[in-house]
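Below, chain A partners chain B and then partners chain C, in two separate complexes.
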Partner chain A sequence: MKITDEVRISDNGFVFNSRTGDSFNVNPTGLELTKLIAQGHDFDTIKNMFLEKYDLDDLTFEKDFYEFIALIKHHQITSHEDPLDFK
Partner chain B sequence: MEKLKYDKPSISKINAGMPSKFGLPVKQKIISEIDGIKVSTLMEEYGSPLFVISEKTIRETHAEAKRAFETRYPKVQFAWSYKTNYLDAVCSIYHEEGSWAEVVSGFEFEKALSNGVHGSQILFNGPDKSKADLRMAIEHNACIHIDHFDELYLLIETSREMKMKARVAIRVNMDAGIYPIWDRFGFNYENGDAWNAINRIMLAESLELIGLHTHIGTYIMVQSAYAIAASKLANLYMAIHRKFDYWLKYIDLGGGFASKNTLKGAYMPGNETCPSFDDYAEAISNALISSEIPHENLPILFLETGRALIDDAGYLLTTVIANKRLNNGRRSMVIDAGVNLLFTSFWYNLGVYPTRELEHAEESTIYGPLCMNIDVIRDAIVFPQVKTGEQLVIERVGAYNITQSMQFITYRPNVILIDNDGKTQIIRKKESLETFKNSEINPKRN
Partner chain C sequence: MSKTKITIAVTGLNNTDNPGPGVPVIRSLKESTEFDFRIIGLVYETLEPGIYMEGLCDKIYQIPYPSAGSDELIDRIEEIHLREKIDVLIPNFDAELFSFMKNEDRLLRSGIHTFLPTMKQFQERDKDKLPEYGEKYGIKVPASLNLGSQNQISEIKEKFEYPVMVKGKFYDAYTAYNTEQVKQSFNKVSSKWGLPVIIQEFVKGTEVNVIALGDGQGNTIAAVPMRKQYITDKGKAWGGITLSDDKMLEITRSLIRQTKWKGGMELELIKTVKGEYYLIEINPRIPAWVYLAVGAGQNIPEALVKLALGQEVAPMETYKSGKMFVRYSYDIIVNLEKFETIAMNGEI
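== the complex of A and B ==
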């Protein structure tokens, strides 16, 4: 999974997709996740980083992570070639 | 190291300058208590899902309807439409408020009798009255509203055999500007069938014609339709007087007033668009009072109002079972109350509300718990983010849901009443395996 080329992410949480013309607001944790994904980290790495930093259990993170991934994919912020990606 | 507070990651699309169809988003409504009792307390004691009926709302709504009509018309009598909600506890409140009973089957007739309604105060409607039903109705001196000619002849035969007189009215269907016309019930006004039926009844020695009935449809959003209906019945009323020198006792305009629910596909919420009791009362009273009928011979006005009287008094409390993102990114959730309990979810966009302030509203779909694709309570509702176990309230479900609810897949829940003193009690028990064992027979095999 990677962030689509046409997507620009600013540090205040504003995301613009020039391919679709859509813009979005992401909250701080959403922004952090998006950046980590953009840097190419895998699920386990991101999970460990989050668990260390936040008052959070692993199952909650997992649920929220995949929900967020599904959303940014839906908004064409990421592109997936392989449906088994991130399993 | 102290860990930071975690917020669920979220992303929301910016729709600049694009207000929703109801204008800018308003503050999310919440329902945390009913008649002063916390929703969480009710669910803790009686389980989830849970139907809750408010006696206070029933009585207040009834009083409002009564006032609207009685201040405009000299003689008004409500008859509680049993099929709308025939829990004994509910019917008894209406009877205490002075309502007669409007029934459409032998079963409902028996229920009304067992609730202590005098037979002469039962209006017996509907196309399905067996000979046994008609006997029961004649014995109890009920007002039998004849639906079709076959019933008329069966009634003549039955009353002759019993050597008793049956008190009857006819149901009339007509063009009142409401389409499609419900012409499957009763005798048509415009084509002369109603007048023919009246003439036949006036010739039958064992029948006494006492009224005229119509029910032009349900959720009628224009009060002028009732004015048309009232005028047409007034014409028949006068025609009977002219030909037979005889005054009927009543004109019954049936039910059909819209409740404040919002119909599917409606552009505006029902509570802003539907006529009030005052509007309906004004239209009907004016039509009758300004008709040809002399003031001293005005008939009693019967009303069989159902949904508009009880919808607001009923709530369904429910719990979130799961959250789910659909393939298209849409947020959805599964709650523990399905369409088998909420028949009216097929007509209305039912109001579903959280019990406390929640954030991150977005368009969502609310599914029931049945393992069936049709089990959708709301297909598009702007709803905040909820966790599993979150308690929600569905409002305005007092009409038709409890009577039409189906047992399916799981037990039907408790129904409780919050009485005028704020006390709660079960008025119909949750089903159990016993409920089914009691009526099923499993034949022994060798």
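== the complex of A and C ==
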């Protein structure tokens, strides 16, 4: 999965998809996650980074992560077929 | 380098809630780095806002509606030409295009250049011929049915699922969810625009548009896709944003290549959630949001003028995506003398 080329992410959390014309605001956690995905990190790396930085457990991270991935996929911010296929 | 002086006549100064493209066309021309344009505004009504906008036109003339007869209209244009020496005329209304296309040669003989679609190009993209058009040029279009009378409304149930779009031949579109609503819309549309009334399959999706310019040889000189962000109750864009959408550009280039489209155009498309594009309409002229294309890097009116004058224009292949326009309304205070002059003299 990757962030589609047409998506621009600002440091303040404004995400713009120039292919669809949609724009979104993401909170600081969402921004951090989006940027890590854009940088090409895999699921395990992102999970480890989050578990190290924040007070949360594996299960909660996974649940919230896949929910977020499904959401950004729905808005065509990412290009991949199945949100559960995140590598 | 000194700029070449050129006189341009422009119609469509009605910058109302259903705006004509005249004012944004003039604003675009004024941004030209090569030409120094003298602008002649041509108006049908004395309250077209472009008349009263300071610094917009150098001279304004009132002209008769094409419905009064093509000859009256062209006679008046030639009369104005004798005084102003018009180099290029840019008509901006659908309803007047026919008269100007028909008299293209006569205008040229007088020295007035235009750059309009051919009669065939203009007629084959008529709304009531859209299915044939889609098939001929390989573009998906919504299924449609032309209604010549109210009696045919019962046929809708056999061919479509509600809701359906009820459209006028030239203008107006309503969504109808049942037979009753179709009847109401049919009456509204047919009394204004005549017959047939077009019933179109309702395609669910996002409305997106492309402004483009064809050189008449099959080349796309300019093309910028846009999504309406704010739509008025008349379906007009009050805000929009340029898109980076290769598929929309491909559809546009393919259409221009096949039809050898000459002049400005606007493609109205619906993009479905599956990413399919349905052509719902082609406007055979520059649309009112043309200034967005200029802001994004493609000065379409300037390129059209060059083509009209027989100059070579290289295709503009890049533009900035994510450029937005936001329209606004503005009150101009006008002295009665100005209104009186245009109303009494037909020029100002």
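Simple rule for what comes next: the second predicted complex is superposed on the first by the 81 of 87 C-alpha atoms of A that agree within 3 Å, B and C clash if a C-alpha of one lies under 4 Å from a C-alpha of the other, contacts with A are read in each partner's own complex, and residues count from 1 in each chain.
Rule of thumb we're sticking to: contacts are C-beta pairs under 8 Å (C-beta built on N, C-alpha and C of every residue); 3 or more make two chains touch, one makes a residue touch a chain.
Just so you know, these numbers come straight off a predicted model, no measurement behind them.
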{"item": "Which of chain B and chain C A:D64 touches, first, second, both or neither", "value": "first"}
{"item": "More chain A residues in contact - chain B or chain C", "value": "B"}
{"item": "Touching partner for A:T45 - first (chain B), second (chain C), both, neither", "value": "neither"}
{"item": "Which of chain B and chain C A:E6 touches, first, second, both or neither", "value": "second"}
{"item": "Contacts of A:S79 with chain B and chain C, given as first, second, both or neither", "value": "neither"}
{"item": "Contacts of A:N25 with chain B and chain C, given as first, second, both or neither", "value": "first"}
{"item": "Overlapping contact positions on chain A, where the chain C interface meets the chain B interface", "value": "none"}
{"item": "Footprint of chain C on chain A - complex, ascending", "value": "6, 8, 16, 18-21"}
{"item": "Chain A-touching residues of chain B, taken from the complex the two chains share", "value": "3-14, 16, 323, 325, 328-329"}
{"item": "Chain B contact footprint on chain A (complex, rising order)", "value": "15, 22-30, 32-33, 50, 52-56, 60, 64-65, 67-68, 70-75, 77"}
{"item": "In the complex, chain C residues that touch chain A", "value": "206, 208, 226-227, 229, 241-245, 321-322"}
